[in-house]
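Chain naming follows the written order as A, B, C and D, and within any one chain the residues start at number 1.
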Amino acid sequence: MFIVMRKGYTEKEMADILDRLTQMGFTGHTSKGVERTVIGVVGRTYPELKDTLEMWPGVEEVVPISKPYKLSSREFQPHDTRIKVGDVTIGGEEVVVMAGPCAVETEEQLLQTARAVKAAGANILRGGAYKPSTSPYSFRGLGEEGLKLLDKARQETGLPIITEVMTPQDVELVARYADILQVGARNMQNFILLEEVGKTQKPAMLKRGMSATIQEWLLSAEYILAQGNRQLMLCERGIRTFETYTRNTMDVSAIPIIEKLSHLPIIADPSHGTGKWYLVAPLALAAVAAGADGLMIEVHPSPDNALKDGAQSLTFENFERLMAQVGMVATSVAPIYRGEGLKMN
Amino acid sequence: MFIVMRKGYTEKEMADILDRLTQMGFTGHTSKGVERTVIGVVGRTYPELKDTLEMWPGVEEVVPISKPYKLSSREFQPHDTRIKVGDVTIGGEEVVVMAGPCAVETEEQLLQTARAVKAAGANILRGGAYKPSTSPYSFRGLGEEGLKLLDKARQETGLPIITEVMTPQDVELVARYADILQVGARNMQNFILLEEVGKTQKPAMLKRGMSATIQEWLLSAEYILAQGNRQLMLCERGIRTFETYTRNTMDVSAIPIIEKLSHLPIIADPSHGTGKWYLVAPLALAAVAAGADGLMIEVHPSPDNALKDGAQSLTFENFERLMAQVGMVATSVAPIYRGEGLKMN
Amino acid sequence: MFIVMRKGYTEKEMADILDRLTQMGFTGHTSKGVERTVIGVVGRTYPELKDTLEMWPGVEEVVPISKPYKLSSREFQPHDTRIKVGDVTIGGEEVVVMAGPCAVETEEQLLQTARAVKAAGANILRGGAYKPSTSPYSFRGLGEEGLKLLDKARQETGLPIITEVMTPQDVELVARYADILQVGARNMQNFILLEEVGKTQKPAMLKRGMSATIQEWLLSAEYILAQGNRQLMLCERGIRTFETYTRNTMDVSAIPIIEKLSHLPIIADPSHGTGKWYLVAPLALAAVAAGADGLMIEVHPSPDNALKDGAQSLTFENFERLMAQVGMVATSVAPIYRGEGLKMN
Amino acid sequence: MFIVMRKGYTEKEMADILDRLTQMGFTGHTSKGVERTVIGVVGRTYPELKDTLEMWPGVEEVVPISKPYKLSSREFQPHDTRIKVGDVTIGGEEVVVMAGPCAVETEEQLLQTARAVKAAGANILRGGAYKPSTSPYSFRGLGEEGLKLLDKARQETGLPIITEVMTPQDVELVARYADILQVGARNMQNFILLEEVGKTQKPAMLKRGMSATIQEWLLSAEYILAQGNRQLMLCERGIRTFETYTRNTMDVSAIPIIEKLSHLPIIADPSHGTGKWYLVAPLALAAVAAGADGLMIEVHPSPDNALKDGAQSLTFENFERLMAQVGMVATSVAPIYRGEGLKMN
């Protein structure tokens, strides 16, 4: 951490700062430049220290130079995290596809979809039993009944299940049914929920908040990792911008950035990322070409009758076509990301 | 709700749409323009219907024309909501000031601050016992111990207490101590928490999420109101933009917009809204001049030693000065907002 | 265009509105719903009409239903625009690659780069003679001297030249040297420049403004097209968001959206889109996978000595590797976008 | 400027960096912390140096510590800039009000408005003869004819004129008629225009670009100042965010920030800042309460017949009422900003 001194600071201010740093257990190294004098703060600094130091007389600005996240960083763990769920490995050689309806609606809808996505080559079944909704007057999921249907679909198809948990009280219940616990974008900073998910030791997927920076996202991941649950993957699902044509702007660059900064697998969700079914395929392919470890895709037997998010759901036929396309792009980029082709550093 | 037909739609598509609308209990009124044909959908429409209808063949776009929120709207309740907390009325003639430390740290820190803000004329004491923090390695509040200190400060000063509740399990506990329950920006779409707060019938304050539109904010308010809790106020605390000089960009226009769209009182938080103590006074005055019903201000006996958010906290002296300034501006705008001066429609 | 009436409007207000519409040459079709009454405005409406109508007593909101751009739309021209520049066709079967230095610095730097990008398979040489710079104290290009060097490089390598024109006075001069005129992001709404470029009948490329919606971008394209210059392509180069890790957030979804809404070719610029050289390859591949017609890539013989934008420039070696990767991805997606694989409607 | 070294850098990398710095005329001061080694770069650094240094092997990140703008900074000129235009002083004790129609439409419209705003107490007449428009099919102003009408209105009312210049070729012409040259938001980074305006030595007003950071805005001001024109004021007119209820989000905090960072006067434009006439008064008052030196307000004899921006224009009656309100708020805050009330440092 560096303290940049205000122009025209006094000798007393400088002396006081060095004193206070020493009292707090830090060492201050002064360095005078042409325009500015700077103090390097040596010791185990922490993010809040910036706010504190910026209040001190004579200080212009404080510049942190350590990253505030640790356990999620490549520096902490250079090798990729790989997560085994049943026969599937997330973060390994293959692009993993999680597909299914936005919300579990009926047994028939779910089973039909589960069979279709399995036939098309999906690896994991997605489906929400608890659905966040901006309006209290909208469909909000079947609850435990939905979890039971997911269990049934797993038994029939053998596909592992990923499903969302929305509140700390439900973590235990949802964890009894799910193979992967999903934390949604709106809960990315629901810190108590993150810790409960961290305590389960279940594989988990943390979606990026709609207006979260990459650093904040990694800090939220830290909440789960710090509880000892290291089976964590991240999911980019679009951020909020001024553009109104799409529901969100999917930040494809987040994929290689996470790859560079973190060892955690990175999944892309072009369904939420765009909000329009006809943009799902191009963005899914883009994500794979950018190095994503997996995709999360909404599929519905009859999107125009869906209770939720029909507009961004693929039909069985479109999903099957997408799987073939994903295969082609994944093959074409395999030597780049899995081999020695792309050297980022 | 209006269906805008695609150019070149077929007669069969049109007939199918009208049929399906009838089956769903709606009536469709067709209207052919020079460029476009449009179907007016008559009946009790709901937000999700847009997504569904946009999937139907022949449809270009669906345009909703009802607002999705009800209970929070001026149309539902034309007169202002006023909330009585002890002797204080929020949403009435006076600008209410809630002040205190970001986080409760120690008995001495809290009591000293409570006395100082009371002496300067604040109406309500703020202080966090549970603190959300982007990093798991930061200070996160004293918990129930903090609530007890708040109770003590209330007993000594007579100031009612506002404090944040972060998770559904804690609502009952926090409600035992607090006069006003605060839901923070990160929890604006923690829908289960909103419903628990709605069930308490305690006065509550809902902060705007960092990237929430005004419509989403009012929809979140709906979650609380729909549980029967009508003692609700809103709080603008800054939104996320590309500007990095400030922590957030305080959206002052949200104040008159809420005033126009909703009967709920609107509070402004220039401390979080700017993140820098020297911007707090100008933005506090701006909020009052724009018609805010109240202010929420962070005050600390020694901001440069604060455990949290010192950079945006005022000293006792600066707070006292601000109170005098707020008084002057509030007096100057009283005839505008409280009388007949500003006619918005 | 639709007029949504305020609840509780009076009969007189309705009669007045219908009268005024008639006077303006429109017809108004009234339709009463359960919650709202709506008037369909039939006739040749225009964007500004919305503002005007929203001022009229009794009106709640006006909803436009025609798109404000015409010449750039798929509805106006269903088939793709293809632009021939020398032997290269932009908007056709091949992914076109424009590569070269951000700024022309010296003859040696430019010629060396031109040879290297040609050898690696690039189709067009890019290089700025006039450089916009946020600071007046920065390098701003060699001016006409730079154009002459570009001409020399063209003669030697046979590569057509794309270069930026920054101001209406320079259009004629730059058009004498350039094969494609580039309008930069900062000038997307420099309407007088757009018209001058439109008058030249030279192939042109219009970059998306840093905070431009897709609709505004297409409206800016309209300025060029309306002058009779139909040899226009668009270029996505990243938009401004709250994320600070990247210089901009490249909006990959803009590629399939433009493809759907417009017949104009769409190029992606991952160099400006990310601002970091190690993100260029993943985003270039993503753009191709999303269906881009071309790429624009910054290449420099010695990026760490570049006068401008070294941080986002590739070395010759990295560019050569990228070209091979682009080839693989382009091949894998060719059947999708060029054949019948992806049906968007 | 500071170079933060990558963890695990080699001794050779460090030696090379120090060497190269020396060759470039800088001195490097090394400082080893617990987590990071840092090199302080001493000498006359410049913004682009960051990009260059970040390319060097062993470098993790480069942190600039000088501000890139000079002439516009408080450090360069501690006292406020005051601009005299006729009898009016901008940046002095009084809040200056510039009012008039968005666009000059007819002699009658302009003269009527000029008389009305003068009678209500406005100090300067605004009116556009050249109008930027997102669509080429919209009204774009009367051109020189409009300038002549403005001149006529000035002669009749004695009010100085502010009007926009959109392109370098027009600077001389517009400067012959205008008392203050306005550079619009879309041209904030039209650097050639800025320089032409700088050469005129006429008072000028630079609007903030729709997605410009405060630092970029001050850098654009630098272009004008560097040509020797020091009679410059800035104008906040709203930035683009995700909120769609307003046309832009007026960043009220920009007012005290400019006050702190720069000596240039700061004007607020709540008409463009909100896009809705009923929000103009609250935001105008907010701007004054935040310390603005002036306001720019759109007024039209018949807003619902305006050719441009009627929705954000005030009627004569509403403008007169606003002037009284502005007077009250300005009086109440005068001791705060003009006296010793608000100490920001």
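Basically, a contact is a pair of C-beta atoms (placed from the backbone, for glycine too) under 8 Å apart; a residue touches a chain by one contact, two chains touch by 3 or more.
Since the model is a prediction, treat every value here as computed from it, not as a measurement.
Trainee: Could you find the chain whose CA centre sits the greatest distance from that of chain A?
Mentor: D
Trainee: For chain A and chain D, what's the span in angstrom between their mean Cα positions?
Mentor: 38
Trainee: Could you tell me the distance, in whole angstrom, between the mean C-alpha positions of chain C and chain D?
Mentor: 27
Trainee: If you average the CA atoms of chain B and of chain D, how far apart do the two points sit, in angstrom?
Mentor: Measuring from centre to centre gives 30 Å for this pair.
Trainee: Mind pulling the residue numbers of chain D that touch at least two other chains?
Mentor: Expected reply: 211, 240-242, 244.
Trainee: What topology does the chain touch graph have (line, ring, star, complete, other)?
Mentor: complete
Trainee: Please output the residues of chain B touching chain A within their complex, sorted ascending.
Mentor: Within the complex, chain B touches chain A at residues 46-48, 51-52, 54-56, 68-69, 132-140, 166-169, 186-187, 189-193, 195, 210-211, 216, 219-220, 222-223, 226, 240, 277, 303-311.
Trainee: Help me check something: in the complex, which residues belonging to chain B touch chain D?
Mentor: Where chain B meets chain D, its residues are 211, 213-215, 239, 241-246, 249-253, 255-257, 260, 273-274, 278-279, 281-283, 285-291, 321, 325, 328-329, 331-333, 335-336, 341-342, 344-345.
Trainee: Under the touch definition given earlier, write down the residues of chain B that touch chain C in their complex.
Mentor: For this pair, the touching residues of chain B are 2, 4, 7, 29, 31-36, 38, 40-44, 61, 63, 65-66, 75, 240-242, 244.
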